[in-house]
């Protein structure tokens, strides 16, 4: 296990990705290693407003010239994410990372895998796509959003998929770009058309994950879902983020997850 | 009365004045007029931390090319002042101003006046000094601090006093600059030496104001004191900032003050 | 879409559900430039006693995390000065005025009411029964249901005007207190007053407030206030409630309405933003608009739960 | 200057006055990398029941202004698993462990204690008597002094170990409850548990928490907690108290000590900063140093007032 740390990080760069989402790079001299699916708890500001840290998936981590660069992709929802959007470059934040378990990415695996991202569910899958491309595992990347303007990092996604010899499939709910409809429907069409995957990795809003879990059950497809439950601590001590498993247990998703095999989840996830 | 407004202002400049104090310029397109002694309530940050605004004396106000520039001098004490010290240039704050009554500065008055400032009590007196110099009223400026490094804006004070044909008297508690001892003692020495003033205007920590009130009573000197009571609203509705008057009344210092004739205050102020 | 913002608290008709609370809006005229009182649902006066009161020694207020503690000690100009100096102006502007009534003894409540009965332009009395200065063996009125019922009944007999009782969150049994106030004849209940609290200066080793303890208000108490409004609404669904405690935004106001309040009051928020009550009216209207709510009263008690 | 940081809560000796609170530090081992339990005054286990409990449905937590509301519903692994998996490791590290005991019925408290009596390394029991799931006609143990006295007495008879009772801030009469716990044989009182509170999602028109209500914790409640500690300390100066509620800094800890607590617990702060309890030890030590306090116990009950 990679030791988690509470790191003092600095805001080093920020780029808008869509009307609501942006990418933010945090730097620290400390070393940090993470696998796709792992996340960090970010103290978005000082003081008590907001009180709690916010969970963000790690979208990438690199070390260059003695500096670790952690990339996040953030959707502006409320106060915490707004503070991140406004923090001046150079501002110091705290990042507790890496947390959670991450997707299964077996080195040398052939694939192909289906990477399925809904909206701001992209960061762990983009991180995964880059690693898979590097380790030579084939995959297709399914990228869904409500509307064209909210399709994130399309070029970045396309080149990662291309590097792995796979396809980037974009969908929008309103049909303004790519295939019209839900991203899971696009996957379903390809499965129905005969495309086979060794495994699906997915992150996105709960309804999307449910649809995927259902699809996986129906098609006998192995799927790993990265869940987003409200988190208090991120380290397993508040029990605010529990997920019900098929065996009836409630486990903290920050510790036993956020990635769960769809088959391990309680039946209602794929009902 | 100058109409108070709740202005959206921007941080336009900031300069350190001492290890603990800084000057901050806030700008707004809205017109604003204020007299020395009046103050503003500043929302030092967004959100609920801190919850309440902070009171700061107006150290100067000017209008240039359609922009109003409000100058404050701030001592870093706690969270609110720390936020002001860190706010990026261009950050938007809110300033409710002008509030309170201000010193009596009769145009055409001959003087001389004694302006007595203790520590971060300087801003309203520096503002007054500039107006007095401009209107041709003579004054001496007494500037006290704990130690040399905390004597604020010495050159600025010196030139304002000089322009009015007066003296700048600096004192430090530790004797590291100017006359050693309290600023009120320096005034007392000059009064004992025969110097006469039409009035004293003072702002500073409560013990200094008490000493001055006592001195004023003993010497039959008119004195106006700008008091600093903890303020909740700054506009007279919380009754958190009351001051006891000689007639036993408790009046909100944000509204009836912050400047009070020493003779109007309850006896314990000059006891 | 235009939203119907009018509501009523029992027989008191309000142009909108947002009032300025007692003790945070002076005598209704202090913030005319930011919040014309006639544009609010109502304004509630600072607590009035028969005679002027000087209040507590300083310091009286201290900020805490997302809140503040006050121990003003009910400093007020007295009912006479209010009726003479403030009420006529409020009346002339057409403001809906509730008089917050405070007495150290039961008779004092009656005195304040009797004085106001001689004036037009009082829409309701709001009894402040959670004062620290007390009668009846050290028990605050607001903490003893039997005593409170008697107080409400005696006030009820003294006026035909609507009578609100403002409940203390520190009462041993909130619902019993609410029930007693209603049984005594209260037309509506306001809740909550401040929560007893303390701040300590660790360096001075003393309480920050000269009074030792005080009352906590502001956003910090909103979750407690919401719970209490909901609890009383569930127990006494027929009694109109006025919700208060940490209302800072239109959305906060909507939450209180959903929990069962017919209107809200805005207190501490006014210290942060002198236009807060008026801003909250606008925000609430906007919230209704975006939610497709044509009449703000649809929100009242609309919480879908149990 | 070196500060003596050791204190004691009755017979329980602590290396320093800062404990990790129940429900916010897992079973004492989850945050070993940030807060080695043996370096704290003590660690308090998550509330343990005789059998594992699944807890409440989701969502269970919601953030509020400077606070949070939780309705975890006492999910826990059960006393057996705790004694088997966690306690031996804590014991091996030399941590001082208080077991937070929870039961839906009186017998369940006794069961948890009986199971722990077979183990070494339990320094104290802390009875959690403000659970939402109830016995005795809907009244929480913590709200009924007579019931609480009985519970304390029966637990007292079941063990020679120090017995702490954790008081609920929602009790009708805090001091009566404290007195009852002491009369029943409690060696010390911990206060406060969370304050009943509610958050509403105005768009969904539903409570945010699946459970409807929950318990408020964090800095928002600190002024209430301080007041309660002081109130109980004044009424029962001889009873050792453990202060809790919104402790975020060493200075907060000092405030609770001044109000009469012999030690403090750190809860919600641990969610913001997993090293909070240990950081607070250091900050408290530093505070004593700068104040020229040679022994942290000088602070206990040192408030200069009345």
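A, B, C and D are the chain letters, set down in written order, and residue numbers restart from 1 in every chain.
The working rule: a residue touches a chain if its C-beta (ideal position, glycine included) is under 8 Å from a C-beta of that chain, and two chains touch if they have at least 3 such contacts.
In this text the structure is predicted, and so the values were computed from the model without any measurement.
*Asks:* Which neighbours do subunit B and subunit C have in common?
*Replies:* Correct list: A, D.
*Asks:* Greatest Cα-centroid separation from subunit D: which chain?
*Replies:* The chain lying farthest from subunit D is B.
*Asks:* Averaging over Cα atoms per chain, report the distance between subunit A and subunit D in Å.
*Replies:* The mean C-alpha positions of subunit A and subunit D differ by 36 Å.
*Asks:* Rounded to the nearest whole Å, what is the centre-to-centre distance of subunit A and subunit B, using the mean of the C-alpha atoms as each centre?
*Replies:* Using C-alpha averages as centres, the distance is 54 Å.
*Asks:* Please tell me the distance, in whole Å, between the geometric centres of subunit C and subunit D computed from their C-alpha atoms.
*Replies:* Taking the mean C-alpha position of each chain, the two centres sit 34 Å apart.
*Asks:* Between subunit A and subunit C, what's the gap in Å when you average each chain's C-alpha atoms?
*Replies:* 47
*Asks:* For subunit A, write out the residues touching at least two other chains, lowest number first.
*Replies:* 48-50, in rising order.
*Asks:* Going by the contact rule already set, what residues in subunit C reach two or more other chains?
*Replies:* 65-67, 218-219
*Asks:* Based on the touch definition given at the start, go ahead and assign the chain network to line, ring, star, complete or other.
*Replies:* complete
*Asks:* Would you mind writing out the residues of subunit B in touch with subunit D in their complex?
*Replies:* 48-49
*Asks:* Under the touch definition given earlier, write down the residues of subunit B that touch subunit C in their complex.
*Replies:* Where subunit B meets subunit C, its residues are 3-4, 6, 43, 48-53, 94, 96, 229-230, 232-233, 235-240, 242, 248-250.
*Asks:* In their shared complex, at which residues does subunit C touch subunit A?
*Replies:* Touching subunit A from subunit C are residues 65-66.
*Asks:* Spell out the residues on subunit C that touch subunit D in their complex, using ranges where they run on.
*Replies:* Result: residues 64-67, 69, 172-173, 195-200, 202-207, 212-213, 216, 218-224, 226-227, 230, 246, 251, 254-255, 258-259, 287, 291, 302-306 of subunit C touch subunit D.
*Asks:* Touching residues of subunit A toward subunit B in the complex: what are they?
*Replies:* 45, 47-50, 79, 88
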